[in-house]
């Protein structure tokens, strides 16, 4: 008896405490999508990345870090590491080594803080029939017991980081451009979400946040770059950026690192001794839709 | 100041009318309110409430945008006879036509805005350092922003000047406004050409990547625009005492007939070019007319639209039928709806099916999209009614500056 | 993932990307060289250019490729369960007869479809080494010399980075995996495995998708294969 009464009292105390806490919380809780009013205001007036002064960039990076803390409860760092001198990135995939595991797809999702529910995946692996290179005979959703399947080969496709990108031409507000190291980047704080760039891309490489990306807090990658894997919001376009937060620090992109067969070869096109240059000089490489004149920096070969 | 008085008198005229007028306005406002409510849902949750996807990333909103730019451009079909060929009968209604152009362009711009992922960043489009960055002249969308804004300004400024002159009971200065009228003629063609180029500039989308798209847009605009003007003028004739000569309607009907014939010829040319030696670039038109990989949700629509257009052009080509009000109106409705389907969803969606990677993924608009779209149309119709009310009042001499 | 790579980098050895000398001169020493000095890429047979004083002056196993880059290889010896092999085989008699060995201690060979057997790669006289086609001993951490004896195009690609996997960085010191890191030398074919999950439709949309009908071979419309 006494125990029950004690329990009732405890329940009532907890309930009242809960109400009090939530009342207090609504007052101090940041609104505006997980940021304070001041940050929301400053964000509204934030300039285009290429027109911000170093102090303004610093303030923007800090806003991103604060917003991530408020939204996910995680401490992240956001940098804007500039391009390395004398570097233009290139990528090659050995399609006789790709077995269609999709390890690259999921490593990318984790590395780049992609929404787990918004179904944005920068890499899509196509299962192709042997004997044809017609993409319309491909299967994007293959799910057999084991891969590789008999009579099939696999073609991973992601942003080709074109040298003459139609998406950069299309954007009405210059929210996407090519950096000096060849990476085509997006200023997620500038994009208005018109999706004209997605229309223009011949490789279906650009993706839209139809809703706010949901990332489990414990899986967030805290090492972020302003033009790369910093947490994004709904309503903006994003795409593969050659893991700019890693590659500008000399690391391999996450997809290359994840591939267990070593099918992916990444490096500096301006270094004549690099593996990518060796591939281009010694293997029979091809690029997708080369006739469109986009000059992709992503090659395929087999041996 | 007289101009302030003019504006106030205009607003007062808009707020004056019989019961039927207020019922119409009320219904339209209800639709607008319903759409606004659902638009709030879209902005707070994201465009995930629509049926669009990474595969089909433009849908019902942009379909209506493309169609409405054409309707807006068609007002030039009144401006040219009125001011270049001195057709006084058409001059009587040209300001109504320009009011329709304003309403149509406003709807087009609204459709773009409701389609944006971040409408709060609209100011990023302004070419003002520190506020926006307009990618002009490279981006076709930047061109579209400029030409549409300019078109609204021209179609507001010229009628404003003419109406204000009439309001003040004086002749408008021909030398002042005529150059702008000429500019607006070329500008009307440009808005629709730029919109066509928006689509045709993409080699990633073989369905649109044809030089014929610009001409097709103009031809279908000059068929659907007059259809709407003909119906609207008859409604105005009925609800007001505004004098509208039958010769105006005859001229528009003739223009519409020829444009519809040309449009159908263009459709035929596309079908031949794509199907004679059918390659991968014909996949989209194959999807539209015949289905692809078992998916054919647009197939019934396009054949229906084609049938509507064919019936309409047959009616219009038979002179007695074209001159008879009932059959003419039927043809106008058929052509308007047929072109709305063919140039709206029938143009935008197949550009995305299959995707550049060969995937067939279909699209259907959701309730949110339909409601918001209906609200934009209601807003445009509302805007037109209000503008037309003032135009008619001034043209009939009922609105004058008291002096 | 990166912690594992760091551990690997700590243990790595260098390969001489130019001429490779046997580290096992007669008689074979049990001590192994863990820190090798990198010899810049050279071509040719000159023994005088070998400036690694700690390497025994053995015969040249492999001349190297011209202009080859310098590569560090992730070692594997400490991953080999039975190594060093002469803990048992030091006391056993060497039997060169080609025969099937018991699989309790020996791998089943599924390599070459009957064209090779254990002693094609393992050194009969000293089980702590592999051997080339010319019967010269090769350290386990330089197994690529053995593999490359038959698989020369893969070996060349591997030296220049078009085969296998470079780890950690795309610039600076080049660290790559040994052949045996991915290919079990006794059963080198990579096993099929289940793929990771495929893409999903956008949130709120049903995945109803497809592509055009399956491609049939172009000759399929000319009748069946059996028709002549």
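Quick notes on this structure:
All chains are identified by letter, namely A, B and C, in their written order; residue positions are counted from 1 within each chain.
Everything below uses one rule, namely that a contact is a pair of C-beta atoms (placed from the backbone, for glycine too) under 8 Å apart; a residue touches a chain by one contact, two chains touch by 3 or more.
In this text, all values refer to a predicted model and were calculated from it rather than measured experimentally.
Arrangement of the chains shown, judged by which pairs touch: all-to-all, with no pair of chains left without contact.
Should one ask which of A-C and B-C has more C-beta pairs in contact, the pair is A-C. In terms of Cα centroid distance from the overall Cα mean, chain A ranks first.
Centroid analysis (C-alpha atoms only) places B farthest from chain C.
Distance between chain centres (mean CA atoms), chain A to chain B: 38 Å. Centre-to-centre spacing of chain A and chain C amounts to 34 Å, using the average Cα coordinate of each chain.
Between the Cα centres of chain B and chain C there is a gap of 67 Å. Those residues of chain A in touch with two or more other chains are numbered 118, 124, 134, 136-138, 140, 210-211.
Each of residues 201-203, 209, 211-212 in chain C touches at least two other chains. In chain B, the residues that touch at least two other chains are 48, 53-55, 283, 354, 358-359. Interface residues of chain C facing chain A in the complex, by the touch rule stated above, are 1, 67, 69, 153, 157, 160-172, 177, 182, 190, 192-203, 207, 209, 211-212, 214-215, 217-218. Those residues of chain B that touch chain A in the complex are listed here as 45-48, 50, 52-55, 57-58, 112, 115-122, 124-125, 129-130, 132-135, 138-142, 145, 198, 201-205, 280, 283, 351-352, 354-359. Those residues of chain B whose C-beta lies close enough to touch chain C in the complex are 48-49, 51, 53-55, 283, 292-295, 354, 358-362. Across the complex, chain C meets chain B through its residues 201-205, 208-213. Note for the complex: chain A touches chain B at residues 44, 47-48, 51, 118, 120, 124, 126, 134-138, 140, 157, 166, 169-175, 190-196, 198-204, 207-212, 234-237, 289, 292-293.
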